[in-house]
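The following pair of complexes shares a single chain, chain A, combined with chain B in the former and chain C in the latter.
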Partner chain A sequence: MMTGMTSAVAIHDLHFLLWLAAAWIALGFMGMLRPHTTRFIAHLLFPLGAILCLGVALLAGIFLATGHAPQMVILPLGLPNLPFHARLDTLTGFFLLLLGLAGAGISIFAAGYFRHGQGTPPGLLCLQYHVFLASMALVILADDAYFFMVAWETMALSSYFLVTSQHRIAEIRRAGFLYLLMAHVGALCILLSFGVLQGGRWQFTFDAMRGASLPPFWASAAFLLALLGFGAKAGLVPLHVWLPEAHPAAPSPVSAMMSGLMLSTAVYGMLRISFDLLHIRYWWWGVLVLGVGLFSALFGAIFATVQTDMKRLLAYSSIENIGVIFTGIGLAILFDASHLPLFAALALSAALIHSLNHSIFKSLLFLATGSVLHATNQRSLGKLGGLIRSMPWVATLALVGTLAIAGLPPLNGFVSEWLLLQSFLYTPQIPHAFLNMLIPLGAAVLALTAALAAYVMVKFYGVIFLGQHREPSLVNAHDADWLERIGLAWLALGCIAIGVMPQLALRAAGTVTGALLGQTVNLGSPFWWLAPIAPKQASYNGLLLLAGIVAVVSITFVVVRVLAHGRMRRTVPWDCGYPWQTSRMQDTAEGFGQPIRHIFGSFFGMERELPSPTDVAPRYRIHIEDRIWGVLYLPIARGVQRLADWVGLLQSGRLPIYLLYSFLTLIALLVFVL
Partner chain B sequence: MHPSYMVTEVLNLLAASLLLISFAMLSRRRTQRLITLFAWQGLVLFASTLLVAYSSGLRELYYSAALTLLLKVIALPWILQRLIHRLGVQWDSETLVNIPTTMLVGLGLVIFAFGLAQPISRMATTITRNTIGIALAVIFLAFLMMITRRKAVTQVIGFLAMENGLFFAATSATYGMPMVIELGIALDLLIGFFILGIFFFQIREQFDSLDLSNMEALKED
Partner chain C sequence: MVRQFGEVALAIAIAPLFAGWIAQCRAWLQSRTAPPLIQPYRMLRKLFNKDAALAIDASPLFRTTPYIVFGTMVLAAAIIPSIATDLPFARVADAIALIGLFATARVFLSLAAMDIGTAFGTMGARRDMMIGFLAEPALLMVLFNAFLLSGSTALPSVVDASTAHPFFVDPSLIFAAVAFVMVLLAENARIPIDNPATHLELTMIHEAMALEYSARHLALVEWASDLKLFNYACIGFALFLPWGIATHGRDGAPELGLAVAALLVKLIVAGAALALIESLSAKLRIFRAPEYLAMAFLLAVLGLLVHLLLGA
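Up next is the complex of A and B:
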């Protein structure tokens, strides 16, 4: 590494990034020096980790803004004759930027959050946390299959330990196991995909894979394996089952990291293989990814509407957002295979910016649920409510994230969904008659998803922060401490900044599309305007919109204040003539989701317990299940069980029988030799 | 008579008696008798190793023979005796499967072993090459004995007898293994034996008997 530094000045960005990743690991081990001193770990190590995140973001940002030439280095690590290769190109830079920006907010929040101490000692958490961060950075930086898989598995394992940090709870252990299982199934698919990609030359550097021009069958095999592997990590339906279990089980900063950052590494891997390592893309790949993406998006949104646990709700919302991102990737593949590079660049930009946005607003919301969880010890939406009064900071900052994820302008969620819908508008140029008829339906599904996502967010915010306290203990809920506030505010700022200045994000994405597709969308328009194809087609100005909103709101405020009575009056709302009211009478999470549950009833496996009219202590209970379990996973589990039962017949428990097995094996082998 | 011819004949005689002892072990019911037979087997092994050492002039084989005498003729039978006295199982008898059937299976195994040994014998250059078949047969018979027995002590004797067969096979095929390996095996045998001795007491404590059929209860359903 040192020799490279002296010989070429141009590649020092990559070295710095690698050193930063190493520094994360070092920070983690420093946490082990005094594993029980929460002050040392929370007030020193986690903020240092956040500074390193900022460093990564800064370096990646500078790289994207200035030089785009890929930088490569061979590390003196790994096996003999199989060293680790690392590479920094624009795709890497973009995802490192994402990692750094969101990671900084999460780390600074974690400094406040882990202070209270969770099941695992804080020093161990610090180690696992920073190894997780570093492994994600290394996944993105890796330039050969071996290094990639090592980093990928490190990421899976460290996050598994983080998920199970409260391992005394059986449910959490179960969720952790499911996560580990799915992670390994996915990793196996990725490994096989790399095995196909090397094309019989047994060279595992990405450079060699770029050169291996695979025949169509093997290229498709590699692509499908990659889709399975990265889909399992990203949580595409039907490989999403671990996600709603593992995300709620983890401590909130970890949920934020997994949802915001780790899912993005899966997106990165998918892009790396489909747009960089494979030399060709076929149109039906795009259709497949588009279909899976749209279905995941709709599925996630629908399931999110009926959740009653706030973290599960966000986990389903992650499935929805990943679906949206993969929809963009699918469109990009489709456009690229149809030789429409400009529109491919538009769709890919939308996918990239949505990844960036998702990492920011989803982290923000998960962290906000963490603050709520700490303040109230409640995860169930049915026992929250009215927290805007006791937790104004968290409520305000979470509102920004809620609006962003709901796709409202002038925040960042709007930008990427707008770009994606824009790219749907150009699909009639694809030279396939059938697809031209079908894809508009996809656009409709996407629009439905966006609307449902907004519905979900109204539910999320309304039930937690608005209305009356559903439990008397909520009055004592305390607001987040200053470190947590900084973390939340940083992410909220990110939502606003990208929403108001989407041109910056589009430029960053443009460097990626330029490298992968040889084409960028229109970046030459005036700085504050976003007009990806041509200004006369469609354009958007976040700042102008923000100014408009601010102006309208302030004028209204002033007008009301001056012209009307101008005094604030608190009074009891009209109670419809009831003699008394309790907080139990407000709309509940179940009630709010009921219409959607009704409309999309066939999606769910529902189990309802309706109380009888004569019941003195009536209880209403509903249990909603994923149908995928019954359709896909339980048959597999039963098959494995049956196979295991057959194998179990061998195990009679009698020693002579066991001896006979080895004796017969010996005889059989000897006969074979004979 | 030519001395090497004489040596070969005596070796064949010793090998034949090894096989005979193996069959005898297969048919004995009493633990006490088995230990005696095991000691005899060791003694025959010692004699044959000594003879091979004399005829080949390899000094290492003298050490091997001495080790055999010490370990398999004196130490192990003595420890086993003490063990079964302590456990009070010296006159335990076992209900064997069916001695004639076992004998017939054993005969089949001997034929198989000879068939198996033929190509090896052709390649070997030792004077003992004709006895490789017997060595393999001894291994198989010991294994068969382990399968048909139910008591923990007899299992161990079967295991030790199998090691005897392996040792004999090594001596007859290649004039024994390198000394280091042989020492290692001897040590393994001794330590393994001690561990099994401890297990005896544990098993008895747990099940009030050394009958291994009790272990079926350990299986999870």
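Up next is the complex of A and C:
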């Protein structure tokens, strides 16, 4: 609190941020004034919300660029002896920057998207949407367990209502329930973790928790509870089951917020507890997080390849990306526990930048699916195709996101993956006999995941936008309107900007690692160069790479035109001379996933129905299931059911028996008292 | 800068020659009359002079992809230190970023193959992406090995480090080199995985993706794939046979001349060796490809373990 009081200017940032969060809530309530007027809400309130997002990003960016001194304030809210504390430090600043940047694009898109007002009336949606946005900002700003949990639960509830905005569909209600259940199991774990962290002093401010030096057992307990709680929110395997149900169920801007922003708040919480509130980190925590992260990444990528619903595919891809982020966190913990702070800073920077990247490109792709959904009313990949011709804007902007998420240079996804692979290169220096040989293999898993992500994205983009229309009705698909295009373009610009100026993101991450680990990677190079350890060791320059490709492509184009010619005629496709071609002969979404099913068959629970040669009406069906349901969740559900059955034995439904229970309880109490 | 352009020009010029040389060696090994060495250039000239026939539904993505793929491969040739290490572009990307650059080209070509919406195009795209994700872990382990030996993933630094003590060969490098050659064959659509000369529909991978291209577009795609093979060979030279490459401080005109001569000798030997491997092996079924690349991966991991166990 002392640091906050020292400068009057410094306290302004935090105050402004809190006022911006309050303004979001106010915007939401303004939506309730005229809940059915789509114009008022879509063309006034949502753009205003986007401007507030930009304000948050700007303030957070200025804070990261100039002052790094933490600012604190005690709000006149909360319970009498338990006021809300808020704090702005570099970790907070980084995640607010992420929230603001991606949120601005999503809000502008939402202004164009919520035009029809199906399901929940637009005014109510506006309220839920902005409360969701504000609660995420408050989760990041909270500086005591009480405020954190209030904001966390508000976030869960507001997003629950947004997920179930089409509540007349039973499937969506079910997805919403599953989400709520998992959110609460997670919240309970987080609450318990805070309970352990306060260390018996009953002080729930984060400042007090930083001071409590927990014994090893309790520190590990707090860490594991936090991993469970935040892992459930982030969608780490095996706590991911709600994610592929809930994300597709929500309207697309909400899917984008949940996938791009809400998952990041879980990453934030994990970083806050493991690097800030806990005073020590043990190496086996790192190994655990690394293992879970790598498995989630691989699992998510493999399952994404076999999906046939475009939003489910993206949801599984979120699991993959969260896995990559947690891999970075695990490596950072491991390096930090092994007293290699420079490499810890490298791994943590990779995790932070990947969070930022994921929030941008995943939002972009979810929003693009929203436009496709609006234009075609189809979510199934088997009924799309060829949309690049009728929706050139969405297709072009989605291509940027596709290449970025596939981890291809010179876009942003590659930057964080490159940093993470670089930090893997130093794992042989970890002073543990077996770990230093095992963990390098993690780099291979990561490379496999990245290459699988490229496979997934070729499938996603190729099946939706390229090829022939799989349904005749797709000819009439219309492109996105101008507000949607602005939102998509903003996010696509973010993908390119971070890709060609990676040093900016690295510097922002550097302020965080400097505060948490006391160490930063090499930030000295100009903003288009990336050389985290030393230029001699490894360097990457996205801007020059992009400029080089553009230059060579244009020179080649001109040379070919000048020396040869540009004559061209249009014909029917060649296709090895087969005369009879229909759009049904392209690969289906199932077909494109076939090599993966063949190679990674043991991951899936597969149910196949193949036609026999003599079938009159041949039918091909394949159903793919997550094995974790059968291994983990169904036994738990059955156990609960059995327990309930046993308790049910007490309920006979006859009054004398119940009176007997009361009588026996009284007798027992009397015996106990006397 | 002049040397940089010289290196790129040399790469563009001799990449088809290298492919032609391999074809010639293969023909000799199979006791056929070999086509002349300049056959690839004649092919390119013919293609550039033809009128392009484009499918009706082809989108702009389909038409720009040959240029983008060619551009990435030329850029990669600028980054790889094939004759000298001290070039302006050499530090733009390290070896990991180079893999990424190749992946960019692959993804564009796969997307273009899906653009027309024919059965063979999508089949080729799917198979090529499959080979890609199987090969990448093995390739990364090879680079990990090189990093452990030289402390860098930047190819110029790797070359500088290994030319500093030229007669020392780490045993782990042998495993890594074998793994690298296996990956090279798979990534460049060569025989155990794909057959560059095939036109049998069901076995094609690379051919299937280029099926709808004609004239100048096809020429660029073919030239780019020649360049890719050349680039892979040069990465292999930088990692395992760096002798002759002009290093920092020792890159005057005579050294550069020597470097070009060394590169040509290495290419001639490597081309003959590749032709021999291809002639001695049979094409694998597509679903044996995972086993083949898993073996490459295990060899690379073995190299890593050998280094960590012996070097510790």
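By our rule, the second predicted complex is superposed on the first by the 649 of 674 C-alpha atoms of A that agree within 3 Å, B and C clash if a C-alpha of one lies under 4 Å from a C-alpha of the other, contacts with A are read in each partner's own complex, and residues count from 1 in each chain.
Simple rule for what comes next: a residue touches a chain if its C-beta (ideal position, glycine included) is under 8 Å from a C-beta of that chain, and two chains touch if they have at least 3 such contacts.
The structure presented is a predicted model; accordingly, all values stated were derived computationally and were not measured.
Look at A:Gln203: by the touch rule set out above, it reaches neither chain B nor chain C.
Contacts of A:Val552 after superposition on the shared chain: chain C is touched, whereas chain B is not. Counting the residues of chain A touched by each of chain B and chain C gives the higher count for C. By the document's definition of touching, of the two partners only chain C reaches A:Ala538; chain B does not. Judged by the touch definition given at the top, the superposed model places A:Gln166 against neither chain B nor chain C. In the superposition on chain A, A:Thr38 makes contact with neither chain B nor chain C. Touching chain A in their complex are the following residues of chain C: 48-49, 51-59, 61, 64, 67-68, 70-72, 74-75, 78, 89, 91-94, 96-97, 100-101, 103-104, 106-107, 110-111, 114-123, 125-127, 129-130, 132-134, 136-141, 144, 147-148, 151-154, 157, 201, 211-212, 214, 216, 220, 287, 290, 297, 301, 304-305, 308.
Those residues of chain B that touch chain A in the complex are listed here as 112, 115-116, 119, 143-144, 146-150, 155, 212-213, 215-219. Contact residues on chain A toward chain B in their complex (touch as defined above): 651-656, 659-660, 663, 666-667, 670, 673-674. Looking at the complex, you find that chain A touches chain C at residues 385-386, 388-389, 399, 403, 406-409, 414, 418, 421-422, 424-425, 428, 436-437, 440-441, 443-445, 447-448, 450-452, 454-455, 457-458, 461-463, 466-468, 535-541, 544-545, 548-550, 552-553, 556-557, 560, 563-565, 567-576, 578, 581, 583, 585-587, 591-592, 594-596, 598-599.
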